[in-house]
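Okay, so here's the structure we're looking at.
Chains here go by letter, A, B, C and D, matching the order in which they are written, and residues are numbered from 1 within each.
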Amino acid sequence: MSGPLDRDEMARIVARDIPDGSYVNLGIGQPTKVADYLDLAGGVVLHTENGMLGMGPIATGDDVDPDLTNAGKQPVTELPGAAYFHHADSFAMMRGGHLDICIMGAFQVSARGDLANWHTGAPDAIPAVGGAMDLATGARDVFVMMSLFAKDGTAKLVPECTYPLTGLACVSRVYTELAIFHLTADGVVVPETFGIEFDELAERLDVEIRRPPNRE
Amino acid sequence: MSGPLDRDEMARIVARDIPDGSYVNLGIGQPTKVADYLDLAGGVVLHTENGMLGMGPIATGDDVDPDLTNAGKQPVTELPGAAYFHHADSFAMMRGGHLDICIMGAFQVSARGDLANWHTGAPDAIPAVGGAMDLATGARDVFVMMSLFAKDGTAKLVPECTYPLTGLACVSRVYTELAIFHLTADGVVVPETFGIEFDELAERLDVEIRRPPNRE
Amino acid sequence: MSRTRVSTAADAVAQIQDGDTVLVGGFGMAGMPVVLIDALIDHGATDLTIVSNNAGNGDTGLAALLAAGRVRKVICSFPRQSDSWVFDGLYRAGKIELEVVPQGNLAERMRAAGAGIGAFYSPTAVGTLLAEGKETRTIDGRDYLLEFPIRGDVALIGAHVGDRAGNLVYRRTARNFGPVMAAAATTTVAQVTRVAEVGELDPEAIVTPGIYVDHLVEVAS
Amino acid sequence: MSRTRVSTAADAVAQIQDGDTVLVGGFGMAGMPVVLIDALIDHGATDLTIVSNNAGNGDTGLAALLAAGRVRKVICSFPRQSDSWVFDGLYRAGKIELEVVPQGNLAERMRAAGAGIGAFYSPTAVGTLLAEGKETRTIDGRDYLLEFPIRGDVALIGAHVGDRAGNLVYRRTARNFGPVMAAAATTTVAQVTRVAEVGELDPEAIVTPGIYVDHLVEVAS
């Protein structure tokens, strides 16, 4: 890679890292784009928490059906092998640890995997959580997709989250435009960087990062 | 009535007392016979806890389907409007108080409505409860059908159960060959007797019984 | 064969009392019982607690019920949306109470109400602001919060087809909260696009058995 | 599209280990995975805990597994039947452990395992012998017992048709414990009368989504 990833490249990289046969939930916003790079016909089954497995791409034109939407309430399509279920069954599936991966955006992620993505903590904010806490707790692996730095230049991968938490120690990987971070029991490992050297990345973060063991 | 009820007459009397539109679960054994006297096409919907509403009469001949049984594992039939569901949903329906009436046999019933029908308490008995405790707790009304006296002559309607309990204060009515008993907050009321005078019945029981208020 | 009645929307909501808790189905417009909500607005019951995934969008439906001042409290997972200005205004003015519940806990708490479960331990929201005031317990090394049932006096849901015995089938993701709310409320009203005769629906494919449904209201699809 | 594999019965049960907890579906013969149980007997795993509604009938199926001495403990609602002589003999000889669980608590405890619920309060069995040793709690004036999940290492269930993505439909009351057990076990094996192609089953009528099913074993119906 010659420079930082754009949004499509990030989506493609995340999709690359999802094993065939996985059951995956894609969060609202940026994660939705990952679907464009997944082999939904042959490899990966998408779950949407409003009650479906086997969700296909966004629907357009005549395929739009108001009774068939994703969690972001966008019209979507149904793939062969799909199944519908009610909300309690859908979240039971999630909470019971049956989903392999969920991909979400974040305000902050801590080195230990704490996730903050539901509430800015601003005193006048109206709290709204949706399914984020259920997904954070329920999916076997939580991948975060986010820009590494906020608009004010502060890093969003932090030693401790300062925003209200969504879940504790739940994130296993963070995908950003500059690097991928694996949050492991042995610390934060960076298997890939994009348009930035490891040492410069380490310099710009308050979180201690490591190269993968086989490159150390 | 000129004498004590036989089993068919008891079943007919119980069926008479079930309001149209009721959702009813019939226990294994004697209560199963009540179905013969219910208007299943127009009035009452039968629930079987192995996962069905809209159960019809016992199946015979070509109607026998090994995949369609009642809780006693007898082959039964399906009526128009039937619905199938799994065991957790079936017992949720019961536990959630959605069934109007369940009818069970009993070893003993106390004046307060405690039910004993799952275990003789014999030291070598192998305990087996099935759905009896769930039904006792879950149905809005529990009717018991039993003979009023055990083979040794002791009454089965008792001040306190001596057999291990199935449920506490759950029985609202007891149908026997000699009388009907309504277990109310104001005591045990006997609206009907069969082949026995009220005073003789009162004499033979250790439980205090009353005539209905409008006859006192 | 059952107690379910085919009713007008007005008749079906007539029994709703001031102060009732009303469960309202739908996720976005999918499964939203718009005709029943309009009937509830016309009915006039007030001081309501509304349980629904969102807190109204635009100026119609739930938002119109809120704007009419009929709602004391909203229990939902996601009140804040781009077009939730009615709720936002009432909330910021201190004129409405809000309980935010994670979506899965919301569904499971209603499921518990319908299933006769007294309370349950959920791992969702442990260690977050939404855990405040909740009892916690460690089971097999994992932390859980104790969650209590949410019961409705009335549920208003949208389904696809209902038969005269009250059995319901849904369409695609419009199923969402419908089956759970139908079981969690004392009285359930289902808006359907068609009332079928008893026996038309496949008994294997019925999602909500008629035992949970008190009124069917047929609406244009 | 999924990880579900179409396997022989022998291959499907090959991973069962000594000491495993095996959930076995069926209520009477309806939904009983007889081919899978026979394969488990041939497989030879021992020291098993079996969770099923009954404890075997006659001399075949679960009774044969028990007779072969492979089962350490049975968790069920109704062991004692007219033809449960194998279990009765082992139990009276002190050769098998028994946990009797009311049928609804049995189903709900497995449902909790599949749904990630840490524990729940059930009103069933309050005040009875089966409440002994259980935590009790009064909620809104009613008494409940605290019940914990029952998880399986493997579930063996019988269904009607499964597609290659693992989606299952059942037939009539043969559905019984199948859907609950499929979700409660780490690995689920479903005996089906036919393996269908992906897309053949109606998505509205699928009862067990393929996410819960690891192996399909086609058997003569």
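What we mean here is this: a contact is a pair of C-beta atoms (placed from the backbone, for glycine too) under 8 Å apart; a residue touches a chain by one contact, two chains touch by 3 or more.
Since we're looking at a predicted model, the values are computed, not measured.
Following the contact convention of this document, D is the list of chains adjacent to both subunit B and subunit C. Averaged C-alpha coordinates put the centre of subunit B at 29 Å from the centre of subunit D.
Inter-chain centre distance (subunit C to subunit D, centres taken as mean C-alpha positions): 33 Å.
Subunit A and subunit B have Cα centroids separated by 55 Å. For subunit C, the set of residues touching two or more other chains reads 108, 111, 115-117, 122-123, 170-172, 203-204, 207. Residue positions of subunit B touching 2 or more other chains, listed in rising order: 78, 84-85, 92, 94-95, 137-138. The list of touching chain pairs reads A-C, A-D, B-C, B-D, C-D. Interface residues of subunit D, counted against subunit A in their complex, comprise 1-3, 111, 113-117, 163-165, 167, 183, 198-199, 203-204, 206, 209-212.
Those residues of subunit A whose C-beta lies close enough to touch subunit D in the complex are 21, 23, 40-43, 45, 47, 53-54, 78-85, 92-99, 137-138. Listed in rising order, the residues of subunit C touching subunit A in the complex are 27-31, 77-81, 87-88, 91-92, 98, 100-108, 110-111, 122-130, 170-180, 207.
Those residues of subunit C whose C-beta lies close enough to touch subunit D in the complex are 108, 112, 115-123, 137, 139-140, 142, 144, 148, 169-172, 202-205, 207.
Residues 48-52, 65-69, 73, 78, 84-88, 90-92, 94-95, 119, 124-134, 137-138, 164-168 of subunit A are the ones touching subunit C in the complex.
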